[in-house]
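Two complexes follow with chain A in common, the first pairing it with chain B and the second with chain C.
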Partner chain A sequence: MGEAVQIKLAHLGIASIQVAAESVRDIVEIMLETDPNLGISAITGLDLGENIGVMYHFRLNQKLATLISEVPKSNPRIQSITDVIPGANFHERELFDLFGVTIDGHPSPGRLVLPEDWPVDLFPLRKDAKIDNLPAQGESSTEKIASAPEIEGTLVNLVVGPQHPALLEPEKFSLKVDGEIVRAVEPRIGYVHRGVEKAAETRTYLQDVYLVERICGICNSCHATCFVEAVEKILGTQVPPRGKYLRTIILELNRLHSHLLLLGHAGLEIGYETLFQYMWRDREPIMDMTELITGNRVIASSIAVGGVRRDLKETDISKIKLEMEKLRKRMDFYQNLYDKEPSLKMRTQNVGVLSKEDAFKLCVVGPVARASGVSMDVRKDDPYEAYGEIPFKLITRNEGDTYARLLVRLDEITESINIIDYALEHLPTGPFRIRAPRVVPAGEALNRVEAPRGELLHYIRSNGTAYPERVKVRTPTFANLPSFLKTAIGGTIADVPANFVSLDPCFSCTDR
Partner chain B sequence: MSITKAITWARLKSPWVLHFNSGACNGCDIEVVALLTPRYDVERFGIKLEPSPRHADVLLTTGCVTRQCTTRLKRIYDQMPEPKFVVAIGACACSGGVFKGNYTVEGGVDKVVPVNAYIPGCPPKPEAIIDGVVKLLNSLKEAKPNDKK
Partner chain C sequence: MHRQVGLKMAVDLYFFFRVLVFPGFTFILFFTFFCDWVERKIEARMQNRVGPAVAGPAGILQPLADFMKLLTKEEIVPKNAKRFVFKFAPVFSFSILVFAVSLLPIDGSSAIPGVSFQGDLIFIMGLVTVANFLLFLSGWASSNPYGSIGAARVLTQFLGYDIPLFLLALAPAFLAGTLSIATIAASQYLPYIILAPWAFVLFVITLQAELEKDPFDIPHAESEVVGGLETEYCGGKLAFLHLTRDVQIVFGAALVVELFLGGPYGPVFFGPPALWYTIWFVLKLLAVVLLSEYLTCLFARLRIDQIVTANWKFLVPLSVLALALTAALAVWIYPMPV
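This part shows the complex of A and B:
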């Protein structure tokens, strides 16, 4: 090590450390001694021409820090860190899939997001990848369809998906069951992999805002905000205060609709359809409010570099306040329901318990982490937009079960209503947007926001043109998936849907 | 009433739909689910969401059709009984939308299965989806099922 280590402060988080590929693991172990709860946020690959850059973004004492390394393209290999930080598992597999960096000592190497029939020597995110002449899909492609459950010893292989009534999205899970008990879970994700990161490189920054919004239709404003904030960091643009407050309101409306959607969906999965219909009925006014402010019901397309796309009318403020007041009353009803309804408790309490230690080990984020007693929220840890000025409570619980994960979201709805009320009352006057240049100077930025599902991370590298050189997106659902794979084991098949839905799965985010 | 007339009547009054996400961003999907919930409530038109392709009359497809979903979309379509109808919901399902040209995206449901109705929008509002399905139902009066491929 010695002179090979290069430290830059306030770069890609609180600091970036450049080290040789061989010493990455040693540095990670040193960092683990500093903070035993060290979590990994993302692993970003970069095509640097002769070399492939590998960046590890860590959460060190709740702040981001980056470890930068390079491996030669002729022989890209790097040592796995999954054994010291189990949460790195999927990140490393993704690095292999998209950049072809072989991970030495990985416990379960293999395809993660790309189809099984993808050419073995084609790594789409490398700049020299030629993706024009893909071979035709073979009959055997991804799908091995079993007519009857396969039996391996005493275990029966139960395949759920890719099309299944309980799944709104195409994904496949193989549950190895022993009678009613789940012994192992093998996910096959990537059905929704649309190559967004590559596509972002071929579009301008302006077009990319609309592209990243469509990574996920549910938390679309969060993706847009995270992206434009990173661009603003490179540009050095200061968003006017009114723009910041309006963004905060849009983001919180986004959180409200997402949480109500999830709580309703959870009702459906535990066989409580009335709750589903109630929650979705109460969600409709939120969609109306989003439409009132942004002009769109679902994909808001309201966040722009330099502020927001349109202003809020004075007359609309009272309308929004009225709806918030109505929703607040409804939340009392749901709170009561969650406190007293025995059938709801029986289906969710002590189901899929994730301990605090495991939450740290698996590096989960957002409400899943907060339900296991980890107080982590980007709005508090790294305040962005107007969150630094708005008082709100950080909701945590200690049970770590499905019930706690749902209740954390229920309480967060009330907090979101408070934030919106506060922001509306303290809405600054002045411009809501400033014009920003379309060509971004060379540079790089790492940014994160708290999406409804947890910490969302975007990394942008600019080469001084109107097109970004690299856009990396790490979504909260990608980070939370390992917790399901852990907590489903030992539970019954009947508990799988309730446990799974409490993570708020969103595969369009996970696969990108 | 002849038996064909009776069947057409039954089909118009109670179309069973199957929803398949072929790689969508969930924007269209949540609008499809919103159709079933109290404000829009399409069950009052007899439209019922059906989990199995073998019982479905109409396939509501969202998403840009990723490479990995292609075979599954074909299989689901093949499993549906005749006459069957396909509705492409959203810009992605119609043409690939914002993801057109990406490396794993086929771009459009009609690249894989024949489509009877296109509902553009990103995402289309629930009213637009109802309108599209009702237009499709009206065209069923002179039932023109897809030719079996």
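This part shows the complex of A and C:
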């Protein structure tokens, strides 16, 4: 094996290891011995002409490390690693869908992001994929609609989605229920798959910033930042300090907006409309502040390669500080409410408990992982922008239930307010942006940021033109979804919405 | 001869006026719409919203507009539905509830004159159970998983909560020494909310469950079972389901007024007593609606297993205790002239 392994330090994470396809599993097992909590972040496929590149991005001791391998395009097969790292399940299925790499020994192979009636020999992310003669979709769909109950023994098939009041975006979950108890969950995602990764290859880097921003309306700045930082890594551009601080402020506003939205929405899911209305009212000033800084309420479009698009006026700083102070007072109210309100606790405590071991096994990220006692936050593990200079607390809880997942976000809101306050007070002077070239030299970069929902990962490969060769996006919900499939089992139907919403699911992100 | 016919016609006219116009069907219908508006407005203001604001002054016509709109929509019956039950259960349920309200004294006597009898309290409670059961049937007949689960939840909930509701309704009966609602209402020179506050509190909580309002609105949990038993309904049938729910709320509130708040009786200042009695009745009823909405806004929705446990572990024993306490007081402390 010796000569087959090539190690490059500080490449795609702390290091990249190139191995033959047959020994991927062995290497993973060796890595597992080094770090038993080894998690997988993503699996990226690459069209290399004759071969298909398969890259496994791991979280080794909370740092990224990449395992690179190649399989021939004529017979693309690779051994599954889902049995050693259960969190790899969805990533491997996605690799099959988009690149046609057959995963040997996968426990539940099948379509994940593409429709069931998609041609079997068409793999959209391969460079030679022709989609001109794609058969029309519609009548040929094999999916069943949710009209009649399908009964298997005593189990009733209760279909949640693609359209359902508890889901704000279309995705399907078939619950096998026994009375009110859920016995099994079968997910079917991909209803809002828009092929963003493919579309990004046909646009320039400049256009791509706007494209990736539109992957998700809520954490839009996070996507833009993650993409832009990866491009800057390839370019070797240094963002001026003021630009970094302004980005941090925009990112934290994004987090505030997302967390407030989620906490309110959680109220709606457990039938607490008053909480929903209150939270969303308090979210309004955050939107106004985003508008004040970036010019836009929702899709900020403020992050650009080399910095940010607009400077912050001195007069606006006091306005933002005032709003933050108001929000801090409101947070005391909500803290009190979450601490004391009995009906809210009854609905969320001990619901959907995810143990620390399972959190590691299923490779969950962000607040979901932190609520299960995993101290993991890209802002601390891999500081980007100004996070390395700003002191803030990493919030973790040990219960691992829905209540903990909501409370982690509640506490993070306070931390975000602190971060914004600190950043405003220590805002460096100087330029907020430097001009960056539009043509990016050949290279590749892997970058991650802490989106409100957890670790967001972008991989960019450049071929020296103004168009990227490959853009890979792994969103936090994609990583968190497996935990819901596990924790829903054994609970009641009534627990499903509360449990599910505590992941802060975003299908627009998941499907891309 | 002519005079007799004329008198009979006048009596008949009076009868029909009472049953059909005031305080009968028309009054109950429009009062229901009004209560629905009050409810929505209160809830909206409590939640920092505006609430209905477009149809009529301050949106007062919104419930009527919603009802009319639904009536104009296409009627669809699902293929697998049990057609007869699916179509008629909501209308039957609605009529039974309106009938139940007409038996309650509104302007000093009930809408249907001279119908009050010893034991009509039990009769009315029975009617409401039948109305609830018809609602269950309507969901069950729609042959939809969400409809069936919603219907099963309605059944679970009202079967459980009917027992404490019934027990607690007997507490005022003990105090008044009669099972006739009109007599119970009339004999409250001191409202029973003062004489038996424990029974009142429990009654309001149980009623909240009976009316499927937060924290007990489990059959309507849209994030879990979409529309519950209403899922497959549309058009006029849905309009009647909504109306049934609103009449149910009016009925529940009216029952609280009759049993604990002294019925329609209150000070009469000038003019006909019937006018003042109606005003008192409406005001008291709105106070109950306000209380109920306040509770709705205050809590999250509980889970079905939690409310079943809450019922059998707490509400039923507490109701028995409350009833025993009230009965004991009725015998030894508050001697009432029957």
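Methods note: the second predicted complex is superposed on the first by the 508 of 512 C-alpha atoms of A that agree within 3 Å, B and C clash if a C-alpha of one lies under 4 Å from a C-alpha of the other, contacts with A are read in each partner's own complex, and residues count from 1 in each chain.
Throughout what follows, a residue touches a chain if its C-beta (ideal position, glycine included) is under 8 Å from a C-beta of that chain, and two chains touch if they have at least 3 such contacts.
Quick caveat: nothing in here was measured; it's all calculated off a predicted structure.
Here chain B and chain C are compared by how many residues of chain A each touches, and B touches more.
Shared-chain residue A:Ser343: touches chain C; no touch with chain B.
In the overlay built on the shared chain, the residue A:Glu169 is in contact with chain B alone; chain C does not reach it. In the superposed pair of complexes, A:Tyr210 makes contact with chain B only, with no contact to chain C.
Once the two complexes are overlaid on the shared chain, A:Gln277 sits against chain B and chain C alike.
Once the two complexes are overlaid on the shared chain, A:Lys326 sits clear of chain B and of chain C alike.
When both complexes are overlaid on chain A, the residue A:Lys393 reaches neither chain B nor chain C.
Contact with chain B, but none with chain C, is seen for A:Arg297 once the two complexes are overlaid on the shared chain.
In the superposition on chain A, A:Ala494 makes contact with chain C only, not with chain B. When the two complexes are laid over each other on chain A, chain A has residues 164-165, 277, 281 in contact with both chain B and chain C.
Chain contact summary for the complex, chain B toward chain A: residues 19-31, 33-34, 37-39, 51-53, 63-64, 66-72, 75-76, 97-99, 101-105, 122-123, 125.
Note for the complex: chain A touches chain B at residues 114-115, 124, 131, 134, 137, 141-143, 145, 162-165, 168-170, 190-196, 198-199, 210-211, 214-218, 220, 261, 264, 276-277, 280-281, 284, 287, 297-299, 506, 508. If you check the complex, the residues on chain C that touch chain A are 43, 46-49, 78, 80, 143-146, 148-149, 214-215, 217-218, 221-226, 297-306.
Residues of chain A that touch chain C in their complex: 146-149, 156-159, 164-166, 180, 267-275, 277-278, 281, 341, 343-344, 346-347, 492-497.
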